[in-house]
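Two complexes follow with subunit A in common, the first pairing it with subunit B and the second with subunit C.
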Partner chain A sequence: MITLTYFFPLFIYASLALCILISYRAAKIINLSLGSIFTLGGYLSIFSPLISPIFGALIGFLLHVCTKKMDLAKASLFSLGLAIIIEEVLRIIFRVEYTLLKSEIIVLFNFKLILEHFIAFLVSMIFLVLFLIFGLINSLSRIKLKIIEEDLENAVIYGINIEKVRVIILVISSALFCSLGSLYLAGRIINPTIGWIYLIFSFLIATIANAFKEKAYISILPISFLVWLLSLLI
Partner chain B sequence: MVVKLANIGIFVLVLLLLIFPAFLDFYIKLLASSALVLAILTLSWLYLEKDLGWISLGHSIPFGVSAYLFAINPYLLFLSPLTAFLLFPLSILGKSFFPFASFFLSVFFWYLAHHIVIEGKGGEEGFKVYSLDLDLIYFFSIAFFSLSYLIIWKISKTYLGLKVKAVRDDEIAAKAIGINPTIIKIFGFTFSCSLASIAGVLYAMIFGHISPDIFSPFFSLFPFIAATIGGGKLWSCILGSYTVITLSWFLSPYIPEFHYIVYAIIIIIVSYIQRYARSNRSI
Partner chain C sequence: MLNNFRAITKATAIIIAAIIIIAAVGVGVYFAYFYAPAPSVALAEIKIGVLVPKTGEFSSGGVVMENAAKLAEKHAKEMGYNIKVIIRDCGDKPETTKVAFLELVRENVSAIVGTYSSPQALIAADIANETKVVFIASVAAADLESKVKAGNKYVFRNAYNTSYWGILAAEFLKVTNASNYYLVGYEPLKTFNMGIFSIIKKLSNAKLIGESWIKSPSVSPEDYKRVAQELANKNIEVIILGDPGPTSVSFVKEYRLAGGNATIYSVGGTLALPNILRELNINGIAFQAAALESKIKTNLTKKYFEDYRKEFGAEANNYSGILTYDAILIVAQAVAKKGDLISNLEKETFLGAAGIYEFSKTHQAKWGSEKLRGTIAIFKDGKIEVIL
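Up next is the complex of A and B:
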């Protein structure tokens, strides 16, 4: 019987893929550090899940500061270096290869759920719904984002503060990855490399969605659904 | 004059590094063998980067796949040049995307390798590999490194090598003068992956064992790091390889993760100094 839990990855991967896609299209970076940030969130949850968005946001800000003058390839390469540093710092601090994260089980409508996974699902849903509203309302911010995506030089000519948009995107995406890591990894046995697999799946969804050009953001959820269905079949 | 002298000095150092370990104890020879084999991997990577202009961060794929094929059944080794077709399709993503796409693919193979189980063997433990005497492997490694270097050097000077460079510099212009860029790119990828495959088999034979870690970022990023340390010259990549292996060996009792930290620092520095490995061309 398919329970509510089975649907969680669908929305979580969709929100992760959305972060990757917007980082690529608007912040002009293939952010390879997100996988390690996701893992960092898992390790931070040992202390408190509440601190993970703060750490995530700080790393996102650091990434922006260090890469703001770089082009896409160099910024992405930098993010790979940052990913390795985060991974190795985790390995140095938590000497044990595998760590079991605690979780709390709740009963909701006769379904047993892991509380942290349920919160991760809610966070993802809220993020997706907010982004959908942002996309539907014809606001100035949405138009600015579209111009940045289409042509960075034009955006500068039109007086758009591209640096501000970039920092917002990197901070939000890193904070979300870190938060979801701290919630969704609960109850699992983790190691410093675990984030890569989540990044790969999200990256796959984002890459397929990117092929739909203007409909990319809207197509993330259906693509995530197909990938999720495929993973169930496998 | 100074540059010429420095080049001669480095060349002598490379020769010493090749010959000297042959007379030392087993453990030093083991380290030198693995450094030498990884230098072959770096050489194969440099060919792809230098002559064809593609930066692969997934060269652990031909390296690891051929080692796995050899471990499962040595007769399957004839398939190893085909590993080029695991990396080549990613070239449709363009030169900016290719390094990261190839890196993702190598990480995917790393996870996939954990699930390769044949007749109850494999998985996380990996496979036992047919091995030879270390002296013999060391000799083979020196011979193969020298041969690979000579072949790459010779190919670069031929008409085919010029075609490869023409495709690297401008695919449209190359097409205009009658060169088929796809064929040339397939040749470049196949040649580079074949060299990496042989390095993979030699590496597996040194340790007599192969595990999923052969696809890990250590091997994916190794050629990039070694080529950067070696200054991007074909024959000096051996210096980069020996430097990383030696530093890891000396410092691993104190900081086991040292080599990865070196990797990260080099990657970050390279992203600042605005050049990839040896190439002055920005991707």
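Up next is the complex of A and C:
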């Protein structure tokens, strides 16, 4: 019997993949710290899930400041270093074998669900819908983003503040990863490396979507569905 | 007159003699089973190497192994053994294990204990043979017996072998009179799980309903949901869960959320930790452990659990932690005895927190013997009840 919880990962991975893709295409960084930021969200939820987006945003901002003058390769490598630092800090602070995160159970249409997972699903849905609207409306911001993606030098010539766009992307993607980590890891046993699994899966979706060039963002959800389906069938 | 005087009657003399005999037998039993004799003379420092997965996939297990090793050093010193524990990070791969093992050999250790996964234990066994340094596997269930049969006399194991995991699960089915059961394996541990499952199938009279496998999270992160929901609709009495890791917790939660009500027997690991079970608060989770605080095996059992809590502020691990602790004490006791280390390990008995160890001809600790048995318990109504 297929239940609603079955479809949660589909939307969650799609939104995570979208963050990875936009970071790569517009912020010019393969952000490898996102997995650890996701894990950090889980650990922060021990205190309060509400602080997760703040910490996520701060790390995103820090990453921007440290890598703004670097090329893609160096910036990506730096993000890997940041991921390892976050992981090790978590390991030092939480020196226990396992940490079980608390969760609440709700009943929705006769189905028992974990409340935090349901909220994570809603947050992902809203993020995807908002981005879809952003992609469909022919706004100036969308055109600016497209120019940055295609050619950074051109974007500078057109007077686009590429640094502002970059910081917005890194802050939003890190905040989202951290928030989803604090919600979607609820009820699970976590350890400092748990975020890598989610990062790798999202990377897979983002990489396939990137091959669709201009249709990359739109194709994320169907690709997420196909990858999810494939993972069940293999 | 004096000749007729008797200080004690014949009956009193018999009673006194009986008391003396009973006391002597009692003291004998105590010394044989529960007392670790402290060496009478001050011994030279015994260096014991410990391979701990501080980094990588098994790093959470590494935390408890490291803590247990430190506790073993402290307790061994209290018992009069002058030991020094040297801990090295063996990571999660055979290559990193090899580097760490050789580092410890250069430190002139008497023996090396630890490692986590089977591939790590297998490579450690090979290097032990090359470097002629004794290695005691304290966690992995890999087939080390065949290495011993092939002539590698430097490898021992105080942890269970695969068969014993299966024997315990079959005993659980027997004790609970289960009429049927379902096997749920975990693909990253396929060899280990298949070994357990084949023993259960051989030993249990209960009806096997079916077998499902949860894929590796790196292939399909949410695959436990598929298996849990599939099983929730089946009429099953006992589910034997082969995953000792964190995914087992997610599986149990999902299974209960989907309406499944079978008793879940875990091979141990995460679902064998009393604090996790209390936090989860899900009824009907049975598990095996090398020892539990509520079931005293030797005078070290309670001491291990209590002191671990005091020292590290967390509940002690009842498998990889306690067995690493025991492995260190085994080496300390064996080195302190006269003769060479290997013959001592082969011939003598050793006190641990999980029981009294003795090694078989294939250098496997005799789990299942009277003095060394795993414990089976079940979490019910907020309490842990020992079944076996």
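Quick note on the criterion: the second predicted complex is superposed on the first by the 233 of 234 C-alpha atoms of A that agree within 3 Å, B and C clash if a C-alpha of one lies under 4 Å from a C-alpha of the other, contacts with A are read in each partner's own complex, and residues count from 1 in each chain.
FYI, contacts are C-beta pairs under 8 Å (C-beta built on N, C-alpha and C of every residue); 3 or more make two chains touch, one makes a residue touch a chain.
Please read these numbers as outputs of a predicted model, since none were measured by experiment.
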Ask   = Put the two structures on top of each other at subunit A: do subunit B and subunit C fit, or clash?
value = clash
Message = Quick one: is A:200 in contact with subunit B, with subunit C, with both, or with neither? Answer first, second, both or neither.
response = both
Inquiry  = Looking at A:188, would you say it contacts subunit B, subunit C, both, or neither? Reply first, second, both or neither.
reply    = second
Key: Which of subunit B and subunit C A:77 touches, first, second, both or neither   = first
Query = Which partner does A:215 reach: the first (subunit B), the second (subunit C), both, or neither?
reply = neither
Key: Touching partner for A:142 - first (subunit B), second (subunit C), both, neither   = neither
Task = Please indicate which partner A:98 is in contact with in the superposed arrangement: first for subunit B, second for subunit C, both, or neither.
result = second
Ask   = Which partner does A:85 contact after superposing on A: first (subunit B), second (subunit C), both, neither?
value = first
Request  = Please name the chain, subunit B or subunit C, that touches the greater number of residues in subunit A.
outcome  = C
Task = Have a look at where A:5 lands relative to subunit B and subunit C in the superposition and call it first, second, both or neither.
result = second
Message = Identify the residues of subunit A that lie in both the subunit B contact region and the subunit C contact region.
response = 91, 197, 200
Key: subunit A partner contacts - residues on subunit C that touch it in the complex   = 56-57, 59-61, 63-64, 215, 217-223, 225-226, 229, 232-233, 246, 249-250, 253-254, 257-259, 270, 273, 276, 279-280, 312, 314, 317, 321
Remark   = As the complex stands, subunit A meets subunit C at residues 1-3, 5-6, 9, 91, 95-98, 100, 102-103, 105, 112-114, 187-194, 197-198, 200-201, 231-232, 234
Task = Note which residues of subunit B are touching subunit A in the complex, please.
result = 57, 96-97, 99-100, 103-104, 107-108, 110-111, 217, 255, 257, 260-261, 263-268, 270-272, 274, 282-283
Request  = Sort out for me which residues of subunit A touch subunit B in the complex.
outcome  = 30, 32, 67, 70-78, 80-82, 84-85, 87-88, 91-92, 196-197, 200, 203
